[in-house]
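Please find the structures below.
Note that chain A is present in both complexes that follow, paired respectively with chain B and with chain C.
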Partner chain A sequence: MKENWPKIVGFLLLLAAVLAVPHFLQFHHQDLLIFLVINVLVVTSYRLVTLTGEWSLIHAVMMGVGGYTATLLFRGFELGMWFTLPLAGLVAAAIAALLCFPLFRMTQFYFLIGSFAAGEAIRLCWIEFIIPFGGTGGLSGVEPPFVFDIDFLEPIPYYYLTLAIVGLCLLILYRIENSRIGLTLHSVHWKAPLAESVGVDTWRYRALAFIVGSFFVGVAGGLKVHYLGTINPNQFGIGFMVFILIWVIVGGYNRFYGPILGVVVLTLFDESIRQFEEFRPAIYGAVLILSILFLPKGLESIPARLRSWAGGGSDREKGKLTDG
Partner chain B sequence: MELFFLSIINGLIQGGFFALFAVGLVLIFGVMGVVNFAHGELVMVGAYTIWLVHAQHGVAYIPTLILAILVVTGVGLLMERFLFRPTRNDPLAGLICSIGVLFILQVIATLVGGEGPSKQVPPPFHGTLVLFEFLRIPYQRLFGLGISVLALATLWYFLTRTRLGWALRAVALDREAAALQGINITRISVIAIGVGAALAGLAGGLMAPLTNINPHMGHNVIITAFIVTIVGGVGSLSGAVYAAVLYALFHTFVTVYFGGTVATICGLILMVVVLIVRPTGIMGVRVSE
Partner chain C sequence: MDNPILEIDSVTKRFGGLTALNEVNFSVKAGEIRGLIGPNGAGKSTMFKNIAGFYTPTSGDIRYQGRSISGLKPHSIAEMGIVRTFQETTLFQELTVFENVLVGCHKHARINLFAAIFGLDRARQTAAAQKVEEVLEFMGLADRRHQLAAELPLGSQRALAIAIALASEPKLMLMDEPFAGMNPEETNHMMDLTRRVQESGITIVLVEHDMKAVMGLCGYLTVLNFGQLLAEGTPEEVRNDKRVIDAYLGGAA
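Right after this comes the complex of A and B.
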């Protein structure tokens, strides 16, 4: 119990900082903060999918599925956010469940390309079928909830709401990862034949991770559209998918907090290079390449590296994204 | 009827271009195990070279085309040396590095050409070949088709009739066994990416007068290349060529009658179906992973 004290104090300090931070920011930065919290959920749910060793390229589109679901439900049936969010997640999970059948017949490279193709096909449907998806221009008119006297259109209340929902989702994701299921997912990644030999249905666990990850990213999509008010297909293109990859890889995906670290650090970095607007993709590209070449295990590996460096250089593990 | 024949001809010409960049992608993937996500951007760089040097500065088209090939090959070789070689043991790392390159090349293209509308290159060859009353082909397209076929034939000769080509195919089949036979893997990788990038540059240069040039044109190229590669069978060069021609005809006809987006959706669905039903593609052989 004793050694837990620093962790608890640290957690409380972090919580206090997270709760206090919007009050010190300008309006524009408050907006960004909300998107940052939503993106934390995006990368953490993506990590669940990658736990089994499969890197999908459909996660951004799944966020869009959630977003479009929330939009259509809000506009069509005037459902409030309390209903649209879980339904956004469920629809994303349902589509993921359908896609499991074709996609998980493949692994590695084939899965990567297959998931990309499936995602792009869904996204092009949003462009092509103007009714009901609104085409390239997308849809608008989604509003955040209005509860008692709190107007969630204001950034600070919506920030707290987002924080609460994302916090709950992170807690669930964390519990999943540290449960028996999470350990099985790890085993599917690192020792699939061995896992199969002791009776683990690897297909089922891969599918499970994919479906659950899609559920949470669908919720994230719903959260985003309820704040932004508009949605269009280009928000969920390969560009955003690449950002998710960059956040996860730069942060490091071996630990739960790695991707979160990545998204927070890179969002701050992004703000600091705002004046070089036209160079931003190139700077991101360079950061991605440099981090793959020189920090393959991500930012979260820095403390361990420093420790091993200070402790006389025990053999450093070479980072590797895939095994095989 | 006229539309029908025109679509066939246009489809064949498109097929030539598709084959050029898809074969390059297959070559790089086969030999190095890396999916080059920046392959579409290599085509884009080729097209931009034509726009900048030929259309803006008035250099003749054919020398500029050669320059475009050289520039893109240079970019490819730089990628091999600084990105793919250090990450050789990890295919996913190479893929992610190529995504980084994709962003960098897009920004460079934006800086060179500026934002704003897509660029057009006036066709250097004028006139139209009138085969029949209903069948007229602009010389520009005929030139593109001829050069594509020539380039693919040269590649076929290189791969099947020269020792270096055999070595390259040996590495693609089994890298370790090839190394044990004394084949220099690094050298073969350099050649593979050099040839792949040169073909991409050629495709970009040939397409430049026929298409809209903008920094994001690589997106459609890479989607097409993926579809063609998967349908043709990953690692099968002849499969990629057949698939390129078939897909181009398919895409042209669906575009003519239903629109471009529907054509791409159908192509992607076709690709997923092929992945499910026959993951090795129409010409593929099963290779050990």
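Right after this comes the complex of A and C.
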């Protein structure tokens, strides 16, 4: 298709930039870049959960479930990352599946609070059961893989590895969202009774989104701990959950790339205000409020807005699912 | 009555102290268009919600093709071939006409996670898209397939609601006031469509206040009043029934 080639060129340019970027950064920033790529997976998997209209507060904890799974498997059974990552995802998915039964009896506000409480209960287990979770101090000694003579402890190789794994996960999430399943998830969000009346088992689809989203954030947790080497319960508290929410809301959650835009832009922004350390919470609060007031559909809506200012308004903008 | 597709067996539905349906009995023959009429608040919509599984009867039983369905979940009942349209036009406003009807194909087009990820099951998705085109053609919506549901005029929104229902390939369709707010021309068009739906082999239960439509379409009427079965009969019989006339004059009709 000839209208497709600008997209292909754009994608290749983006890919080149993403591959080149660590070579222009200092060591400290290379670390941050790796965590940024991992956070891209965190927000994108969260988006899948929110597609049915339910915003959970347990996503950060699910990342921790993946992280602890990887840690315990690595330390206890000397399993390498190739095994710990999928298992991290599977354990997070399994716990999510169990939680579906209590959680999806609730909706909206109650679901929000219920998911928060369930998450805190899991975090409490990590704190209380020093064996095997190591208590508040957590665990350490997790290492990245060592393949042939590539040492993935170095940031650049680990960055490429993370990029490949996250890229694969994003591709899968993208395909799910753009399949019949994605359409059904949207239908559950917008008019659950109508969806039910044509045979959609809404409970099942809400559960599916939650379980699959938890799988991928579990993988993200594994990726993080294999690079950082240590894990503790505080990494996955409500503080991190609030960051996830801010990234998704500021980026916009109506399109696949919105949350990715949010986490990238805010991470860059975060770096640029690093010298105002004590004001950062206030600055974040201001950014969130301003973006809700002036960009309720997030950063992703800026191009469409510019277009409508410039060209008198596009009629197909509102509520559209996919671009193109 | 021979060959009933739907049997309502002394169904009662209470909301707290309010009895919305009181020991209602009737049954619907396969292939007919049955009118379910009565003044506002008579319990018609409540009856539909009980049949479609959105409510569970307080007591009594509902049988579909001889099998009890009361207490089943809406999606299981839809699975068996009963589809309900809503009194307030209910669409996926944010989706296009095509996507709306595509959701309606759920029963025949759903896929599992792996098929979605690996793009298997193309044949089924193509078949679903064809089904959508067929239904859009049938309902006269083909030209509007790329419009958002929210942007359609009222008549087309009603048609779309029925298109979504048809896409699920039902055997029994419960239509809740599909003619409300339509002008005479739209009403005629919708009557035609309703007849063609029946001719395609779908049994219809029609709740409607538009008497021209009801009398023109239905072979047999069931009348509810204050949650009770008031009368049953052909349109001719019902029209001349003293109790029905009183109910309508006394009620809000």
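Here is the rule we go by: the second predicted complex is superposed on the first by the 312 of 324 C-alpha atoms of A that agree within 3 Å, B and C clash if a C-alpha of one lies under 4 Å from a C-alpha of the other, contacts with A are read in each partner's own complex, and residues count from 1 in each chain.
The definition used in the following text is that contacts are C-beta pairs under 8 Å (C-beta built on N, C-alpha and C of every residue); 3 or more make two chains touch, one makes a residue touch a chain.
It should be emphasised that the depicted structure is a prediction, and the values quoted were computed from it without experimental measurement.
When both complexes are overlaid on chain A, chain B and chain C end up sitting side by side without clashing. When the two structures are aligned on the shared chain, A:V212 is found in touch with chain C, with no touch to chain B.
Of the two partner chains placed by the overlay, only chain B lies in contact with A:P281; chain C stays clear of it.
Looking at the shared chain after the overlay, A:F109 reaches chain B, while chain C stays out of its contact range. Of the two partner chains placed around the shared chain by superposition, chain C is the only one that A:V198 touches, whereas chain B remains out of contact.
Centres of mass aside, this uses C-alpha centres: at chain A, the angle toward chain B and chain C in the superposed model is 80 degrees, to the nearest 10.
In the superposed model, A:L306 makes contact with neither chain B nor chain C. In the superposed model, A:T184 makes contact with chain C only, not with chain B. Contacts of A:E120 after superposition: chain B is touched, whereas chain C is not reached. The minimum CA-CA separation between chain B and chain C in the overlaid arrangement is 11 Å, rounded to the whole angstrom.
Where the contact sets of chain A with chain B and with chain C meet, they give residues 320-321.
Contact residues of chain C toward chain A in the complex are 52, 54, 73-75, 78-79, 83-86, 90-95, 99, 102-104, 106-107, 109-111, 113, 115-117, 119, 125, 128, 148, 150, 164-165, 167-168. Listing the residues of chain A that touch chain B in their complex gives 55, 102, 105-110, 112-114, 116-118, 120-121, 124-125, 127-128, 238, 242, 245, 249, 278-279, 281-282, 284-289, 292-293, 296, 320-322, 324. On the chain B side of its complex with chain A, the touching residues are 29, 35, 83, 86-87, 89-93, 95-97, 99-104, 106-108, 110-111, 115, 219, 223, 226-227, 230, 234, 259, 261-262, 264-265, 268-269, 271-272, 275-276, 279, 289. Residue ranges of chain A in contact with chain C, taken from their complex: 172, 175-176, 179-184, 186-187, 190-191, 193-202, 208, 212, 316, 318-321.
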